[in-house]
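Here chain A shows up in two complexes: once beside chain B, once beside chain C.
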Partner chain A sequence: MSAIRIFWIGGLISFRALFHWLNPWIYVPTLLVAPLFQILLFVYVGRAARIESDSFFLIGNALQGAAVPCLFAMGHTIAGERFTQTLGLLLTTPASRVPLFLGRAAPVVANGWIVSMFGLGVGGVLVGVDIPPDRWVPLALVVALASASCTGLGLINAALGLKVRQTATFSNIIVGILLVVCGVNVPLAALPTWLRAVSEWLPLTHAVEAARLLADGDTLRSVVPLLGREAGLAAGFIVVGLVILRAFERSSRRTASLERQ
Partner chain B sequence: MSRWGRTARRIPRQFAVVWWLQLKMLAADAFSGILQIVWPLFFATTAFLMFRISGDHELVFYAGLGATVMGIWSSVAASSSSALQRERWLGTLELIVSAPMPFALVLSSITTAMATIGLYSMVATLIWGWLVFGMSLHIVQPIAFGCAVVVLVFAIAMIGFLLSVTVVRYRSAWAIGSLLECPVWLLCGLLVPVALLPVWVRPLSYVLPPTWGVRAMREAASGTSPWVSLLVCAVLGGAYALMAALIGRSLLKSARRQATLALT
Partner chain C sequence: MSAVEAIDLRRSFSSRTSVLRRAKETVEAVRGVSFVIERGEIFGLLGPNGAGKTTTIKMLITLLLPSSGSAKVLGYDVARDAVKVRRRIGYAFGGDRGLYDRLSAQDNLRYFAELYAVPPRTQRARIGELLELVGLRGREKERVEGYSRGMRQRLHIARALLHDPAVLFLDEPSIGIDPVGARELRATVAALAGQGKTILLTTHYMFEADELCDRIAVIGSGRILAEGTPADLKSRVRGGRVLEVETFGVLDESVDDVRRLDGVRSVTVEARTQSQVLHVSMDSEAELTAAVLGRIGDVRVGRVASREPTLEDAYVELIGER
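After this line comes the complex of A and B, so read on.
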């Protein structure tokens, strides 16, 4: 019961506290409108290069849009606590770390989903890509999985934040790597073999592929293997993130470096 | 020496001193510096890969030169829009306003330093495009190309100057700055020819100085005359500076009258 309370109530309260500054004046330009411009940029680059359809770039960039809020927000769960000098208080509580950090991750996944679905919907209208109505429910599921796997990677980034202070810089670099490597704009077949091998182990790769197949008319059942791999990666990232968090928490206590800015 | 003569000597010196100090401050933050180089490189790499698939080497060269300018705009967009806010937080805004030096000169020097830092990214993108994607670095008119880069940096700095004074009353000005990153890349034809954009958008492209600056760079690189494009870029940059100076003056007057200068 306590774990459920920590997950739901603790997660929601901490999200509100850590992101009180995320008012509509910041949220709308940075998380809703900016991804639309990224979609437009790559749709036009795609048209100039004549390599893929508008739908290819719309889906790739809309899903990649989820990476920004998920990675930055998870990084901020540690950096923000440290900034407000509450990290020490948080980590002295006897609360189990699993519901504590999963509770913080849940609103982040939801936010990533909203950002990505907005990009898909409005971006589709802007570039004239018509996604059939019956495709939206399976697409929403894929977007949720993509958000979860990006949040999982964000948890690892947050854990590293206990040792390295520049989580925002790391988030930017990870977002950039996902842009190049995960088949968002460049078809995977065009990447060097070693980079393609790396992309298999990154979030978004399988979700983007599944979303494109679904938009092209494939059934949900046919993309289950891709969704399974994306879900597996999400779970793997979360486990690794929690393990690193635990290890770095112990080491930070030992070296008294928990709140070093 | 006459009063005008002294002013004529003082202004370039003041501009240079502020520019140099700001440049040193901006270069001191290694993490941000690395990010400023790396971030536009991700977009440039994506574009390089996309154009490489198309197999059109002219397009790779076209987009490659444009991609080198992306970093200059990135280093100006978000930071210039929050330039005044930052001075306010540092407690130096009042000092800048009360200094015996035109406010516009200080602010334009700051945004010029921001644009200059973007040259790191330009060089990095050129080297990256050459090393990894085999982009040709053959510039037919190197002197004209150098002039185009200098004028382009000035023009982008003046857009930053205008941005810094127009969004000052918007509390989250940095959000507007980061929002403008991709649209300017797209509108100015850095990766995609302007002719490919919808007709109603093109007038917007033509009033943005980087459209002409990057066109001058491409003309100099390919051997056609870049001087008309360069002149248009410089005139537009000057017009942006003039607008920014006038808006800045009226904002400053209003802030002094209402005693809101130091309010965050």
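After this line comes the complex of A and C, so read on.
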């Protein structure tokens, strides 16, 4: 009972506590408009170079657009507590940590979904890619999975935040890697074999592929294996993140790592 | 069973001296602290900055593990039974931070009420009660970023009380609060003790400790220097008196000369805007006033008075003994 409340009510209150500074004047330009530039850039580069279709770049970059808010926001759910000096207060509560941190992840997934869907819809209109109406429901599902796996990776990053301060630095690096390695703009076939192997274990790779197939008219059933892979990765990241959180919380009592600002 | 029992607590910190060098520096923040707090007591930890008060509290509230030694809160070991300890204690520290500035006071309290599993049915009433207790009723819907230091401090205390803990740890709760606010805070702390709560309080203000605490431990450089009731501690300087001499431009050498006088226990110099006030703690005054004035030399002397020792004198003497 209290676990469910910590997940839902606690998750929402803490999202407001940590992200209230994201008023519309910051939110719209940073999280909705800026990703459109990335979509436009790659679509135009693609046209000029006569490689891949507009739809290839639209879908890749719209989905990758979820990575930024998911990674940074999830990292901030712990790094932000350092800033307000509430991390110590939080960790002296008896609250169960699993619903506490999953509750913080849920609004982040929802937000990533909104950002990504906006990029897909508005970006599609801007570059003139027509996605048939019956494709939107399966695409929405894929975007949700992509947001979840990016947030899962963000949870691992957040967990590192119990030990170090550089979670935003890590987020930057990861976002860059996701941009290059996951087939967002560079077709997987063009990557060196070892990078392709890495991409199998990153969020987005399978979701991007599935989204492109769906937009091309494939059925949801035919992309289930890809979606399964993405969902499996999301779950895996979340479990690893929770395990690291637990380990670092324990070791913080010994090493006083929560004290550092 | 005692409320809090600390046995030979020690804690050291090691930190890198720089990013590049591997060399480590170790600080021994707490070096063997033992004390017992009985239920319903207000126990004061008094000591200068860096004495180890906060580190001691952090071990008791399960945020830090002791390097060695042990402690129990209500019979539960702070290292092994952390969750059981956490359910039964409240913790508030002084200062501006530690609140979600962009939330209202009410939402700050609601969040922690969830984390402390305050039953949903009683939550609203409980929060209302606490807002009343700390005098924030009517302001609870405002964002905390607009709160004064005193209001924030009272909100901290309300948050610490949400789950009605039996033991309360207050780390410098009155730091930086105006005199009226500090007086109200003392009244609140006294009222909580009246309800049977056990309170461990750290403070720099002697009169606060004197007024509130049943017992006090003076801590310096990570060790307990003295422990007892405020009266006990004062009696350590009893049999003596304190001579206050206001001077204008007294020299350090003259102060040292006064220190060397037979019968003088300690001398502290309090710098004011224009003058310096010497607090000369001594065995008996009669023969010494003239001698002290003699040693001060040619500088102008203002008010001269003799008084009973206060807790502050006892404190200064204890800290000075180190």
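By definition in this document, the second predicted complex is superposed on the first by the 261 of 261 C-alpha atoms of A that agree within 3 Å, B and C clash if a C-alpha of one lies under 4 Å from a C-alpha of the other, contacts with A are read in each partner's own complex, and residues count from 1 in each chain.
Methods note: a residue touches a chain if its C-beta (ideal position, glycine included) is under 8 Å from a C-beta of that chain, and two chains touch if they have at least 3 such contacts.
Keep in mind it's a predicted model, so treat the numbers as computed, not measured.
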- Task: Based on the superposed arrangement, let me know which partner A:193 touches: chain B (first), chain C (second), both, or neither?
- Result: neither
- Query: Counting only touches as set out at the top, which of chain B and chain C does A:44 meet: first, second, both, neither?
  - Reply: first
- Task: In the overlay, answer first, second, both or neither for which of chain B and chain C A:20 touches.
- Result: second
- chain B versus chain C as contact partner of A:5, first or second or both or neither: second
- Message: By the touch definition at the top of the document, which applies to A:33: first (chain B), second (chain C), both, or neither?
- Response: first
- Item | chain A positions touched by chain B in one structure and by chain C in the second | none
- Note on the structure: chain C partner, complex, touching residues on chain A are 2, 5-6, 9-10, 13-14, 16-18, 20-21, 84-86, 88-95, 100, 253-254, 256, 258
- Interface residues, chain B side, partner chain A - complex: 31-32, 34-35, 38-39, 41-43, 45-47, 49-54, 56, 59, 63, 170-172, 175-176, 178-179, 181-183, 185-186, 191-193, 196-197
- Interfacial residue positions of chain A with respect to chain B in the complex: 23, 25-26, 29-30, 33-34, 37-38, 40-42, 44-51, 166, 169, 172-173, 176-177, 179-180, 184-187, 190-191
- Residues of chain C defined as touching chain A within the complex: 13, 58, 61-65, 83, 86-87, 89, 91, 97-103, 107-108, 110-112, 114-117, 120, 159
